[in-house]
Amino acid sequence: MREGGTVTFMTPTIATSAAPPPALAIHNIQVVYGGAIEAVRDVSLEVRPGQIVALLGSNGAGKSTVLKAVSGVLDAEDGVIEKGSILLNGRAVEKDPAPAIVRQGMVQVPEGRRLFQTLTVDENLITGAHLQSAAKLAQARDFVFSLFPRLAEMRQTTAGYLSGGEQQMVAIGRALMSQPKILALDEPSLGLAPLVVSEIFRCIQTLRETTGLTILLVEQNASRALAIADYAYIMENGRVVMDGTSEQLRRNADVREFYLGLSSQPGRTSMKDVKHYKRRKRWLS
Amino acid sequence: MRSGFFKQGYGELVVLTDSPAVKWWTAALLVVMALAPFVLGNFLLSHLTIILFTTVGALGLMVLTGFTGLISLGHVGFLMLGGYAYAIAVTRWGLPPEIALVLSAVLPALFGLIVGIPSLRLHGLYLAITTLAFAHIVSAAILAGGELTGGGSGIMVERPVVLGMDLSSDRAFYWFCLGVCALAVLLVLNLRRSYVGRALVAVRDNDIAARTMGISLVHYKLLAFLISAALTGLAGGLMAIYMSFVSVEGYPFLLSIEALAIVIVGGIGSVLGAVLGTVFIVTLPEVFASLMSFLGGRLAETMTTSAHEVKTILYGIAIIAFLRFDPRGLRGIWHDLRHTWVHWPLRY
Amino acid sequence: QQGVTDTEIVIGDILPLTGPPALLGVAHNLGVKAAVAEANAAGGINGRKLRLISEDDGYVPSRTIQGVRKLINSDKIFAFTSISGTAQAQAAMPLIKQTGIPAMAPITTYEGLYQPTIKNVFAVGYDMRQAVYELVSQMADRYPNKKWAVISQDDDYGQNVRDGFERAAKEKKLQVVSSQIFKKGQSDFSSEILKVKQAGAEALMAGGVLGENVTMTKELERIGHKIPVGVTYVSRVPASAKMMGSAGENVYTVDYVYLESSPEAKGFMGKLEQHLSAEERARVNRYTFTGYSAARALFAAMDKCGKALTWDCTNAELAKLKNLETGAMTPISFAADDHLAAPKLFLLKADPAATTYKLVQ
Amino acid sequence: MSAVQQTPVLEATRISKRFGGVKAVNDVSLKVMPGEIVSLIGPNGAGKTTTFNLVSGVLPPSDGQIRFQGRDTAGLKSHQFARLGIGRTFQNLALFRHGTVVENLLVGRHIHFRYPVWESLVYWGRSRREEIAAREKVEQVIEFLEIEELRDKPVSQLAYGQQKRVELGRALACEPSLLLLDEIVAGMNREEKEDIARFTLDIRDEFGIAVLMIEHDMQVVMDLSDRVYVLDFGCLIAEGTPAEVAANPAVLAAYLGEEGAHA
Amino acid sequence: MNYFIELVVSGLAIGAIYGLVAMSFAVIFKATGIVNFAQGEMGMLTAYTSWSIATALGTDAVSTILVSVAVGAALGLICERLIMRPMLGEPVLSVVLVTVGLAVVLRALVTLIWGAAPHKFAVEGADTIVDLGGIGLRAGQITVIVVLLIAIAGFWFFLRHSRFGVAMRAVASDEKTARLMGVSTARVQAVAWASASGLAGLAGAFFAVIYGLAPTIYEIGLKAFPATVLGGFDSVLGSAFSGLFIGVLENLVGGYLPSTLKEIAGFVLILVVLMVRPFGLFGEKRIERV
């Protein structure tokens, strides 16, 4: 984002009261795919207004599944929330369809971009603002272009022809078009160049600071995520195995080794020096 | 529950089934099928015969649409070519029926190659429509075929003697179809588990990736059309023998659709699905017919004129309800049943 | 014999109950049903009640074969009161011939049904080819020195129309300027009719089944080419007259079945009233007459066989049938070497105002 | 690298690719020697994936020459590249999503089957033997990549990172002499990245496969690569050892940013 | 020359009906990515229903048109709600097959309710022959051409200037993600079905008025297929114009060549066109990338 500040299109939430109710609260959900595969078991987490909460975990841990459950799109993959509840601003939404959830101000940037390939960049953005008035649409679009100037040049390009990184920018921009109150990001830095990654994280932070946007962030880049998150959960094999403030986690030895790549000795280990393949599931104990 | 998760050689990994139970059941089914004519009445026997040769055709479409993902709305064209190839070979050229049956597979296969050529450039519905156009053109050509094809009047064919079997007996014809069908199922199963079958599926799922694996799209799409058309043509030949008559009107567009229905209801991409789908789609209308005469009694008599409509409506609703209930098709239901059976009372 | 029990005789018919000519098949079926109801009301045939099984072939020959096979092999019927359209009957003939089951062929009569005589097949009606020949000849007499065109369907039925037309054209030395064949099921005839006009034709033989003929006359009207049109008796139903409307002013046909309004048909219409529901009566047309007549002829023969009802006896009795009055058409007779009951033909002209056809004197 | 005379596995000379008016790749030359791990980096949209597409035959170059082990690839059909010994993974997963993991890997071995098509219908004798041999090879790959538990799962049911691993397996099953990896560690956590890094090194060391990879993760690039090429707007802007490249101001400006270099 | 013009003009009249049906195919495809095989049947059912309504309530031309649009749209909504809605998100082929099932049901339903006999759909003035410089056209035929032009203009405006049009395409492109963005895919589908059935209903009603009411009207669906393909499956306007074009082509073929060729003229044409443009004349190109 070009020097912050100018972002005024979102109504700031009042983040004053001592313990505001969580913007998003998940209680003990269990998700089953195809009536047979249990992908998420007994997961609970909470995101307070204005917080950035990170959700970390290895491949297949169930992070994306949690986000899909929150957004109400599990049914498209034959998944169901078997147990538990999801509260958005105190309202149970686990049975709501996706558009209803968007209307309540929660939008997701899905994993793997999932652009509307045959539509142009502009049309992708317009779809993102589907529930917005025309005036707000223009405003939101200007904001997105200020965030990703590269997209402004590619407005009329068919999205399917963009490079991976450009697609990711469109995906994030598209979600921002609806001016959400809660934003769920599934691996936003995936496939982005370092310069852009920095930019994205800076922008997430600025968004939060200037607009009070609440953010649930699924990331593999743990050091980045922990750097901006207030609180974080770590998932393994469909369960939350650890949670705490970013500070606490950053100090945890396991997290340091397996997520931040910092061994007990000072200094960074070169990837070349990793001598053996590490085994998973040690969190299960 | 099955045991035997431990394999002693890699050979065991490529077998069609590693379950003794499945082997036993298959053998039992074959024996029962072979003995069926001794117990079944005329009607059921001819119904089974229809199922058998329809399965052969359905397998053909399964190879093309199910494996390779090329949707065809014109399979009735291959069926028609197969039927006419047989009829013309036997009645016009006086060829022996064995050779005529081979022709009924070969001629459509050649046409399959021609129809396949557009598939290299066209995708999805556009290809589907070209196959539809092909079927239309075939029927127009046959109508204009004069003496050779009998134009609009069609050709009568007698039930032949094939390999010493006199097919004019319904039983003999049943056994013949059973043999052909079993062979076709086996061949397609083998095809599916070989590199050829995997290449076809790869083309369906991701043609660019398939190309980088060294799979030539031209080669395999044409191959799919070739095999598919040959099987469907053979089914056409059998159907001509069964009907003893070929005419252009005997091959309405609806047959293409029913073939697709078989493939989809059965479960895309599965040989078992093709078989189950055929049984389902071929039997469904008969079930409704007998249901109506059973329930109807006098009612059925008074509504003879609407009976056909009621039957058709029930048929349509059954298909809709079925897909609504389980869009993965019969194969999906089959897997669920098996899963429940194996895991019960646990759910996961 | 199959289909016969102590109390019951099962008979069957196969007809286009769906598809383009369903109107005709359904009406025909009603005629058969009326005959069955009448016979049953009178105590059945030698004490056995009749039961009718109707099969639909949708006007598709291959389905006719299947249906015939089903009726003979599964339903085990004793006899056929009717065998579908021309191409359909043609396709089913070998099967019927082979089994020897008594079969009436009252829907469209053509040479293949009776020449050479088939032991168990009896055609009730006027030969289609012959009828077209008569029609064209009579029209040629009324409208001498006209240039002619013919448009016909691309199947056996159309072939019969063409054959009859060509014979008439040859004998009457007609100048034929356009001869077109259309694909069964076609609905738009604008190019065909423009072609007729372009060729300078002054009279047309329209060889469609029903809707096709209607569309052709309406197209003629639209392009302002008012010429006399001949249609086959197949089209001689109220619906066609109604649909042609003012375009039907110059439409001729020949038929051997009494007009619904004629005095001869009065008794028959009364019977229909008795045996059919109001809803069914709304569907009645000339095919009801043919269905009834054929069934009556069959029943008469079966009746003569007495208790020992067999196929051979029925076939033999049918061949001996003389001057059977049905009240629906002129009397029916067969002979051992003549299985065509060719009743008398009348020349008819459409009467758009009354949405029917009327006799031409 | 010892012998200078060695023929490069891959040698692209001044290749370009235009899409309509856009020059996605502009006059790029690059070379991969046997046993090398080479990285291709650059900002988003720089043309890296397009370069891969050219090199692996997915797209024909508008200009330039691509030699593979000394052999000119001009005029080759795209499916023929695999037979030259090029295996690759895709940035946006391109698995055969209806198949299981094993089936996907077996497709990877496609070019190694020798028996004629019709024998597949028989599945006996030669065809069966070859199928068994292929299966054996695939099991080795599965073992190597430690995806035993996923073996019979349909790939559509796998999580993103698992799918990437299967893609790697599929490319390995090809037994290529050059492996192209397009952002393979994207979407993996540190631990998994280390695994992949280890695999990559082993692939090179044990199987002698040269690797050309596109990567945005600088640690992986810096730690593994023997050499690095940097693309920007379709043009090569730098080339050299990781350290040289990381110090290049043009690269810093266009790609790494101040902090990226040591992130 | 006059002969040629007469062929062309008559072709436009039937082509306008193809055009309406072709448009309706394209509308549903554009919004949901599926082909509705019951489109011709929707037209037929609408024609019959409108006929029943018209015979009961009198038959002036304008109200007949309005009734058929309304009936068509209502039928579309009902089918969407009862049959298509539950199929949202299911594999394309399954959904397409459901429409085939629907077609079978509707076809039989029409015969069941109204019988197989053809009827005249009499609309005041529809049969009047209007003389256009020596060429006679029935008022009904002229009206259908005009109606097609109005529909083209309407849809052009709708697709060009409304965000709903964009949302429709988004749904067709990726249903799940569209929902993530707050697009109610159900509503998009409902609107698509309603408007497509309205178009098909118009086509069916006009066909019935011009050629008579018969249970074979559904064949306009099959006849309009080539038009949709020619225009491009996702090109609503392209399909409309292609309908006109195919109507004219058929007539010219019928007029100058043996008339049996007329039935396959459209199909032969699309074969040729697709070889040159694999996605129709105005269709969107498929994205092929890795």
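Miscellaneous remarks
The letters A, B, C, D and E name the chains in turn, as written, and every chain counts its residues from 1.
The rule we apply is simple: contacts are C-beta pairs under 8 Å (C-beta built on N, C-alpha and C of every residue); 3 or more make two chains touch, one makes a residue touch a chain.
It should be emphasised that the depicted structure is a prediction, and the values quoted were computed from it without experimental measurement.
Within the contact network of the assembly, the step distance from subunit B to subunit C comes to 1. The chains touching subunit C as well as subunit E are B.
The distance from the centre of subunit A to the centre of subunit D, with each centre set as the mean of the Cα atoms, comes to 29 Å. Chain centres here are Cα averages; for subunit C and subunit D they lie 75 Å apart.
For this pair, subunit A with subunit E, the centres built from the Cα atoms lie 44 Å apart. Note: centroid distance subunit D to subunit E, computed from Cα atoms, is 48 Å. Across the assembly, subunit B contributes residues 140, 143, 208-209, 308-309 that each touch 2 or more other chains. For subunit A, the set of residues that touch two or more other chains comprises 37, 161. Of all residues in subunit D, those that touch two or more other chains are 49, 58, 90-92, 94.
On subunit D, the positions that touch subunit A within their shared complex are 19, 42-47, 49, 91-93, 146, 157-162, 164-165, 183, 186-195, 197-199, 201, 216, 218-220, 223-224, 254-257, 259-260, 263.
Interface of subunit E with subunit B (complex): residues 29, 35, 37, 83, 86-87, 90-91, 93-95, 97-98, 100-105, 107-109, 111-112, 222, 225-226, 229, 233, 260-261, 263-264, 267-268, 270-271, 274-275, 278-280, 286, 288-290. Those residues of subunit C lying in contact with subunit B across their complex are 17-18, 26, 29, 33, 51-54, 56, 59-63, 65-66, 69-70, 73-74, 87, 90-91, 94-95, 153-156, 158-159, 183-184. Interface residues of subunit A, counted against subunit E in their complex, comprise 71-73, 75-76, 97-99, 102-103, 107-108, 110, 114-119, 123-124, 126-131, 134, 137, 158, 160-161, 174-175, 178. Residues 33-34, 37, 56-61, 64, 111-113, 150, 161-166, 168-169, 187, 190-198, 220, 222-224, 258-261, 268, 270-272, 274, 276-278, 280 of subunit A are the ones touching subunit D in the complex.
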